[in-house]
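Per-chain numbering from 1; labels A, B, C, D and E assigned in written order.
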Amino acid sequence: MPLLQARSLTRHFGGLAAVSAVDLSVEEGEIVGLIGPNGAGKTTCFNLLSGFLRPTGGTIVFGGEDITGFRPHQVAGRGLVRTFQLTTLFQDMTVRENVLLGMHLHSRQGLRRLLFGRQIFPPDEVTGSDEVLEFTGLAPQADQLAKNLPHGHQRILSIAMALAARPRLLLLDEPVTGMNLEESGHVMALVKTIRDRGTTILLVEHNMKAVMGTCERVVVLNFGLKLAEGTPAEVSTSAAVIEAYLGAGLQHA
Amino acid sequence: MPSNARAATVFVAVVALLIALPFVGGDYYIYLFALVFINVILAASLRPSLTCGQLNIGHSAFMCIGAYTSALLAKNLGVPFEVSLLCGALLAAVVGLAIGYPSLRLRGVYFAMVTVAFVEAIRLIASIWVPLTRGNAGLSVPKPSLLGMSLATRTSQYYLALVLMLIVLVILYKLERSRLGLVWKSIGMAENLAQSLGVDIANHKLLAFTLGCFFAGVAGAFYAHFIRFLFPPEFGFLLATNILVYNFVGGRGHFAGPVVGAVFLSLLSEPFRGSPYETIFFSIVMLLTILFLPGGLITLPGKLAGLRRWRPTSGTYAPPASA
Amino acid sequence: MKQSTPFTLVGLLAAVLLGSSPGAEAADVIKFGVSTPLSGPAAPWGIPHKGATELIFDEINSQGGLEVGGKKYKLEVVAYDHKYVIAEGAATVNRLIAKDSVKFISILGGTVVKAVEETVNESRVLNLPLAYADGLVSPRNPYTFHSFPSPPETVTFWNWIKQHHPNIKRVASITPNDDTGWWSLKVETKYVATLGYEVVAREFFERVVTDFNPLLLRVLAQKPDIISVLAAPAGSVGLIIKQARVLGYKGRFIHIGQMDTSVVAGIAGKENVEGTWVHGYVQTPLPEKVKNWQARYTKKHGEWNATSIDFANPAFAFVAAVKKAQSLDPKRIAEALSTVEFENLWGKAHFGGKDYYGIGNQIIYPMPFSEVKDGVAHLVAQLSPPHN
Amino acid sequence: MTAALLVQSAVIGLSIGSIYILMALGLTLMFGMMHIINFAHGAVYMLGAFAIYYVYFQWGAPYFAAFVLAMLLLGAFGYLVERSIYRPIKGGVEPTLVALLALTTLLQAAGYPVFGTLDKHVPPVFSGTRNVLGVMISVERLMIIPIAGALVVGLYLFINKTRMGAAMRAIEQDKEAAALQGVNVNVINGLAFAVGFALAAAAGALMAPIFKLDPMMGEQPLLKAFIIIILGGLGSIPGAILGGLILGLIDSIVATALGAEPAFLLSFVFIILLLLWRPTGLFGHAL
Amino acid sequence: MLEVRDLKVRYGAVEALKGLSFRVSERSIVSLIGANGAGKTTSLRALTGLVQPSGGEVRFENTSLVGLAPHEIVRLGIAHVPEGRRLFPKMTVFENLKMGAYLRTSKAQMASTLAMIYEHFPILEERGRQLAGSLSGGEQQMLAIARALMSRPKLLLLDEPSMGLSPIMTAEIGKIIRQINALDVSIILVEQNAMLALTLARYGYVLQTGALVLQGDAQELLQDDGVKKAYLGL
């Protein structure tokens, strides 16, 4: 049984179908890419899976549990954690605080500790955050404010926060947007390592090089419909995909 | 660490000064500062819900509930101050919970306006429910007695206020610096992101709101036993906006903001007292403060330092790192 | 830099403590505290309260001051604005007593006076308030000398009405919804009932209300012969009269309290105010003394305010008592106040009312009552209270 | 409550409601465009009334000339407030709120030394009573309804039929897109301040001859206007009109039956319940 | 007619544009292409004053645009169709068009422009009284372009006109862009649809992470593998 299985996922906005009858499944331990041109419905899909939008139709089963209609924090509580497309961070907090917030789900802090504890965070959380920071290479900037990080590091931080929540499935929304070759290579390597450490990954990305080099399976959306699915090699040679992606130009019309 | 040590030194110095005040200052300052302490509690207790991004213009309603509850318990049933204070604060919290829960789904200004409606509704109830509250005739309240001792003198009441304020500030400070405070801050900054990390924002907002109501109830209970006369019109919209303004004028960027704001605005009238233009001066100073320090008074040292050193980067105020 | 935030707080505290600490005091000054609304809705009362006191003191000072025990003292008014807010009232009274070391004060406003009752008693300062407040004149408050006729005094006018206008039978009362209003209403209702009147309606209103139509519709349904508006400011009375006339009310109005009928006539329209009886305000025939006062007050303050006539009582009483006591001890002055007979703008005044209140601390003087004719308040009677 | 009493209080409610509508329209317009709640609106109402006091009563200008002048003067003041307070703050919601509160306090406090301490009045412009549906209503109360109605229609035409009105609607829907069509957003925001202030001034100017004048007179209408815009939905002009009528009727009919305070309490409870049912008011849309 | 030199834009700590230079000559179509986040939209926003550049120079017909407000830039003859169309959804189609002519106060001129628009977009005349929010995606895009044309611009900036449109609709938009250019309007076309953009344009610039990586004649770029690489990572 797949870790995540969405059946005929549908979402209308007014009369417009942003996502219609999409079937999507992710097996434990996979890296799956969700691609498609702008406006194809990828982000809507993510919002449906993570509980930020309620589907108009269809079901979402995660880890054997039907999570359709769950609220975002409940979805996250089951181990399905997402990042955001735009660089969404707690800008006025330090890098470490951002990561510590990621550990929210696993934090057990009683009132007594809250009021009388000497440390703000229990030692295990501090070491936990240290580990994540170390792993993502953000340790040297731990005490900087998030807003002062360079763009690439901000994107990595958003992954680090999601990681701190110890997800079973990580939804990454455009993790390498706006990065140069070197940076995106670094991030995609990080993504692979995360998978190797046991976290399944579903990612949306425009940078095809990154997608093709990292994902084992790719799902292509266009106009809210599933256009194709297969290995990167299969997908990138599909004429339908190339046309959807690069556009038809005028000669076809 | 040195910055924390320095802040701690300043804190201890301020507390020492306040403890010494009855010995060095006159009776009037004792009285005045006890009132300032009440305002500090009110301002600081609004901060958690503001931090969560809730614009609350109804905080004085909960002060009103705390004040009337503790006053009526003390007056009619002879309940000692420490118990009536707790009951007042608890009732304020319960009402806060009851109004906060359904209001959570209201956004931005709609939430703010419901709190405005609520504060006026509570004021009107206090003024209409004459058999209980004596309405607009005002309710006189006995002196506080603590652990069986009557706190009859202004000095003893001053110390009571000081201790209450310090307890409330320490609790609120601890909370702000805890994971809970961090979560509140995260909700205010990016609600979606917090949710995606598994934060139940509804519960956390409600907790922040209710907690604020509780401490507003504490302030109200002390106010009742200090001023010893309750008059419904005083707990209206105007007081609620004042509490909000303490936070904005002091500054939202730091825990000390509402404290500085409450102290500054509560004392601002003093130099002008006796002038027929007192309120005019007061409002001009307030207007200028907000026009030139939109980040609040706590950004003033940063701005001054920035001017002095002429280094543009030092002009932005940054709250101290927590770890 | 960022650590200096708390220093701001310390600096602020220190600045306030040092900046406004009391300076060196001149020994030959008598300070008289006034805690009164100088801004906000009640300012029309507070400003003449302060103004009248200042005028009387200035005139004494210009003649060299007040002689006490062979030494000349200058009189000084220390006035603070309490905005009709309890917390501010308490703050200003505390400031007067604790910071300015004032021994003699005059507070305006029923709720404020009630709120600081105990502070005043405990600090043993002399208070000459202007306020309607139930229980204020009481043996519990020996140092409080109420300096304005309260409802128990002014009800005496109903005797005059009964005598001169026997056809009036049904009385409706309208009053602000607070202690002042409640007490006024209680006292009046009781008194007119003993005179055989029927009280057909009793209504309370918020001081901020301007649209009295809903209230008046209820009152007029009871067909009163006279509407008694108690303890309300001139503006509210004007609106009540105007709106009642529009709704078809033809009967009379009586107002007990303190108000300028020209303001009422302005708001309500001259013809609508015709025949209204008022206490404490006269335009003609104006006694020489009051005419003179008006000239002096207008000269000093610019704007004439008739409320200053009766609100000058605290200052008159205080000066007379100090003169008599030849002491600056509040206790001695209080003793003098209980016995001194002095002149206010309406004639001879003294503190009495022991039979009614249990203590003789209520000002008693021949109170003026007028009837508005052609927009002008004509004096119809000067009456003494039912008790002495 | 008899039928006559009901009709009488309903007509009075309509007339009061008309004033509330004028207050609420400016508030809702300014909120729609700039997302600010103008706390100074009550003070502007007060200034509008005092403008009538001086221009019409003291200096003897014709009432309607004074009325127009009051609107123009306070409109100009509104533009000035946008320039000197709103614009420098650059749209910061919280500092704007504090600044407008401070401005309100300043205008009220300055009112006493400037206008004097005694309640002022303006002589009635219309006199007499009319028989309406069998009950007597004063003409001055009745006249409010057509004058306020004309202003509402005028505002409707201005917003829907003029170039500047179109610019206002454009800013309300998409500020950036409006700028890209060549709309000077600052100037149009200033215009919205001017229109909002002018309408509040008109409300004050209409009420001046009916009620009394004092520097605090704007507080109650401001609270009423708050209730109305929440009731109708922030930013919605039809909502403000409907909300004003509802509140006017509650204020008059319920107050006649039960008293002013219960009516006021009822209106607050009413909007709390309404918002819990419909979180954006009757006509509001999500923010 | 437009010359951009070393244009830089920062959002907080993030440098979104790292020194972009390009030029547009009279009556030409120039396209900026690149993947999401490459800085295409930001460059257009910087041109029309919606964001303030942190460095560099923009000259339009010898006037510097840096520091001017959007409405002043529109007045100079530049119209911008923003990403996502940004119509006024609660206004009718006709009112949206009128907003486009906000700075053109001459009635006669507006009538003639409107006639020209209706000639090119007959559907808009048909739907004149309909609310803009109720149009289909393609119609909305047409309206957005038509609204921009109402100001009679010399230079038109188009941000992702094909986004979310079907291939047929995209082809239709492409045709319209050519027609507009034929009316002597220069065009800067920002597109993710590289094929469309390079078919229409005379000259193309390829952006990646806020910097220029490739430029050249459109036809040559169309054949260039570098472009495909930038997109598909092949």
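Heads up, the rule we're going with is that contacts are C-beta pairs under 8 Å (C-beta built on N, C-alpha and C of every residue); 3 or more make two chains touch, one makes a residue touch a chain.
Since we're looking at a predicted model, the values are computed, not measured.
Graph distance from subunit B to subunit D, where chains that touch are one step apart, equals 1. When each chain is reduced to the average of its Cα atoms, C sits farthest from subunit E. When chain centres are set by their Cα atoms, the one at the greatest distance from subunit D is A. Here the spacing of subunit A and subunit D, counted between their Cα centres, is 49 Å.
Each chain gets a centre from the mean of its Cα atoms; for subunit B and subunit C, those two points are 36 Å apart.
Per-chain CA centroids place subunit A at a distance of 41 Å from subunit B.
Note on chain placement: the centre of subunit D and the centre of subunit E lie 42 Å apart, centres being C-alpha means.
In subunit B, the residues that touch at least two other chains are 127, 276, 278-279, 318-319. Across the assembly, subunit C contributes residues 38-39, 47, 177 that each touch 2 or more other chains.
Taken residue by residue, subunit E touches two or more other chains at no position, since every residue touches fewer.
This structure has the following touching chain pairs: A-B, A-E, B-C, B-D, C-D, D-E.
If you check the complex, the residues on subunit D that touch subunit E are 163, 166-167, 169-170, 173-174, 176-185. Across the complex, subunit B meets subunit A through its residues 171, 174-175, 177-180, 182-183, 185-186, 189-190, 192-201, 318-319, 321-323. The part of subunit A that touches subunit B in the complex is made up of residues 50, 52, 71-73, 76-77, 81-84, 88-94, 96-97, 100-102, 104-105, 107, 109, 114-115, 117, 120-121, 126, 143, 145, 161-162, 165. For subunit C in complex with subunit B, the touching residues are 1-10, 12-13, 16-17, 19-20, 22, 38-39, 47, 78-81, 83, 85-87, 90-92, 94-95, 97-99, 111, 114-118, 177-179, 182. Across the interface of their complex, subunit A is touched by residues 12-16, 35-39, 137, 160, 162-164, 166-168, 170-172, 174-175, 191-200, 208-210, 228-229, 231-234 of subunit E.
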